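Consider the two complexes below, in which subunit A is the common component and subunit B and subunit C are the respective partners.
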Partner chain A sequence: MLSRAARPALRAGAAAAVRPATVNAPAATYATLREIEDRLKSIRNIEKITKTMKIVASTKLTRAQRAMNESRTYGKTSNTVFEKAETKPEEGEGKKTLLIVCSSDKGLCGGIHSGLSRKSRALAAGQPDMNIVVIGEKCKAQLGRSNAKAIKLTFQGVGKDVPTFADAQAIADQVTLIPQHYDSVKILFNKFVNAQSYEPTIIEAYSKEAIANSPNYSAFEIEDEVLGNLQEYSLANSLYWALAEGHACEQSARRNAMDNASKNAGDMISRFTILFNRTRQAVITGELVEIITGATASEDM
Partner chain B sequence: MAFAWKASGLTQAPPGCWLRYLGQRLPSYNRYLAVASRVVRRSLKEDLRVQAERRGEMDLRFAKWENGKQGENKNLAKANEVAMAEHTSSSQ
Partner chain C sequence: MSAIRIARSALKVRPTAFRAPAPLMLRRGYADVASDKLQLSLSLPHQAIYKSSEVIQVNLPAETGEMGVLANHVPSIEQLKPGVVEIIEEAGTTKQFFLSGGFAVVQPGSQLSINAAQVEGYPLEDFSAEAVRNQIAEAQKVANGSGSEQDIAEAKIELEVLESLQAALK
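Showing the complex of A and B:
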């Protein structure tokens, strides 16, 4: 008896819109149920993507870190000369400075690019006639909005793979071709502190004059003619160091960002699953109540 | 004298260097290094060469900016060659 009475009620419940009296409440729950399901599905997809990206970044990170350690040796060794010679950057009034910002083309790695942009903006505010060379699309877009006048050159295509010394050399070559003389060249990059943190740091690439004016310069017995070579080579070395270290930072930052994203997605999935189940149960309970009420009512008659 | 090629505005490899016999003209020390390392890589044994040549790959593009406007996107390797060639011809 009950089951027979139940059937039409169920069918009516499925096509909720037909029943004008209860149209609002059940229709709303059915709709949200489907909405929740869709939402869950899309969050699951996003979680899959972020997890994969995290794994990719992890594998790239080990390679990037190895490259970074090697490049550090390059950079530090080449800078030993300047440390021993006690070279000081030429700064002060009327001195032209060039800032080389080492970011990369790819995003989805937290705030490392905006950290660089912020730092370079702060530097540019202190020295209005400073010129900027940007390596990488991300900082180019950010600095192109605020400091477009200062930008001299931009490079793209960095960050696909571990940077090579050939990259650094080509950039150094193009930078030396700028028809402007700079008294000081600063290279801004993200220094790798540990897997969680990094900080925007500057290494100095000295100009010929700065090298020639350093106090212990004579101890090295560098012939004037070779000085240009040393300067070019040390610029390439420092650039290589900065690029490799920035690359390692980017990979680790991306790994962290994707790790967080996956965790957040996991949280959302569990929350939505609970909500989904609760709503489903509420719908079922509501239907049962309707059926029973209908049955009791028809028995009385 | 070593490196006289650079300081005197000459754009040839150092005297006595084998690059000189190839008639390479090199306007910058980095270029000199790049050419030298390329030749070394290419003369390695086959298995090592493949590995080493990956380290020599460079696929950058660059753009010059004038007055806050981005110029044309150009291939860096080609542009460097052209610029170096111009530099060579003008300093000869």
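Showing the complex of A and C:
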């Protein structure tokens, strides 16, 4: 008491600080109760949304996987000739490389886009004069920050649905229209390993020179003017394969991401329900104590 | 691109989607390499019709002219033009598909891979002659009209595809 009297200014300050706290204390518990309720509601909504997105992704996944399997056989059939001819990409000093990154416009599907961006950054670091064509908004945004100068062309609106061959053709068409000549074209996409994992992979789309220089090329009978067509056609084929497989990966990744999100939301809901009940109980107990204390106090008087 | 649309709309509506003939035999081994059968892979973007199935002969409409491919054909790469691909299977039955373009590659070791992409391949009986006739008239209108250069070029390709389809149907 003495010490308090010695410091009247502090006393006034302490009283001012204490008063709102004591006045607001019961109100604060009510408010937190309301707050918890609101949060619970919003988490429930989020869970509903993620569950729905998961179901949508699962249905799309079956279709995407079927398309992927067909496109894989298609792409492999198309590339057998290069395997047999032992075609190798033309690389080395002064050779221009083009990287086509197959991502998509939509997020909420784990790390598949950033995986592609990371891989392409690593590739670009190895070859500083490499040019990049980006399919899809996500990788465009990510690569635009680090490799803005290398980006030649971007495409949007691909990958909303299962990609069609017409999509691949349109993209291949635009790519061949780039005035710069490329000695090697690499297509970067997510390879579907299984439902849980995928890895950024490259398929080569060989240039005319690379095809003509391949060791076993002379074994094949071919008209010279057909070679250009073959090259453009196989670019479209490989692109189609990459797009279809990338799409399947995206759907599968989205399904997993949404599955995890729903699980987490479920966990949070149970935690918040317990917290909510406890707080309610505490508030009731507090009120009872107040009433009883009040009653006893007035009896004594 | 336009070729896909044409071939699709020329299809008669079928309640069930066309199903590829199930590959009867899919054996692989040393014996097959030495066999006198042709291993055919005919694949389209949305389906593989043959997956290294053994067939006797395949007749192709190549740019350089119609050609028949038997086993032990010399390796070659051929661009296909719109037309009918005829496949003579082991049992002697013949299957016909209309393709509007693509590439056929005869690989060493009696393997033939056909990538038909510009159009989906369909059995001939799935096309309706009337629909083809109507579309030819439409394409001719565009080709002779005053559209952009690209439109006219597209219409001409359309005409080429449709006319060969009509010829095949007769």
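As a convention for this text, the second predicted complex is superposed on the first by the 278 of 301 C-alpha atoms of A that agree within 3 Å, B and C clash if a C-alpha of one lies under 4 Å from a C-alpha of the other, contacts with A are read in each partner's own complex, and residues count from 1 in each chain.
Quick note on the criterion: a contact is a pair of C-beta atoms (placed from the backbone, for glycine too) under 8 Å apart; a residue touches a chain by one contact, two chains touch by 3 or more.
None of these values were measured; they are calculated from a predicted model.
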Requested in this report: Answer with first, second, both or neither: which of subunit B and subunit C does A:Gly228 touch in the superposed model?
Outcome: first
**Report entry** Partner chain(s) touched by A:Ile284 [first = subunit B, second = subunit C, both, neither]
**Finding:** neither
Report task. Have a look at where A:Val193 lands relative to subunit B and subunit C in the superposition and call it first, second, both or neither. Result -> neither
Query raised in the report: Which partner does A:Ala236 contact after superposing on A: first (subunit B), second (subunit C), both, neither?
Result: both
Report task. Could you look at A:Ala166 and tell me whether it touches subunit B, subunit C, both or neither (first, second, both, neither)? Result -> both
Requested in this report: Examine A:Ala125 and indicate which partner it touches, taking first as subunit B and second as subunit C; both and neither are also allowed.
Outcome: neither
Report task. With the two complexes superposed on chain A, say which partner A:Leu108 touches: subunit B (first), subunit C (second), both, or neither. Result -> neither
Requested in this report: Go through the superposed model and pick first if A:Ser78 touches only subunit B, second if only subunit C, both, or neither.
Outcome: second
Query raised in the report: Overlap of the subunit B and subunit C footprints on subunit A, residue-wise?
Result: 164-166, 169-170, 223, 226, 229, 233, 236
Query raised in the report: Which bits of subunit B are touching subunit A when the two form their complex?
Result: 1-4, 6-8, 28-31, 33-34, 37, 55-65, 67-70, 73, 76-77, 79-80, 83-84
Query raised in the report: So in the complex, which bits of subunit A are touching subunit B?
Result: 144, 148-149, 151-158, 160, 164-167, 169-174, 176-177, 223-226, 228-229, 232-233, 236
Query - Residues of subunit C defined as touching subunit A within the complex - result: 1, 4, 41, 43-48, 51, 63-64, 74-79, 102-103, 105-108, 111, 113-115, 117
Report summary line: So, in the complex, the side of subunit A touching subunit C is made of residues 67, 70-71, 73-74, 77-78, 80-81, 84, 164-166, 168-170, 219-223, 226, 229-230, 233, 236-237, 240
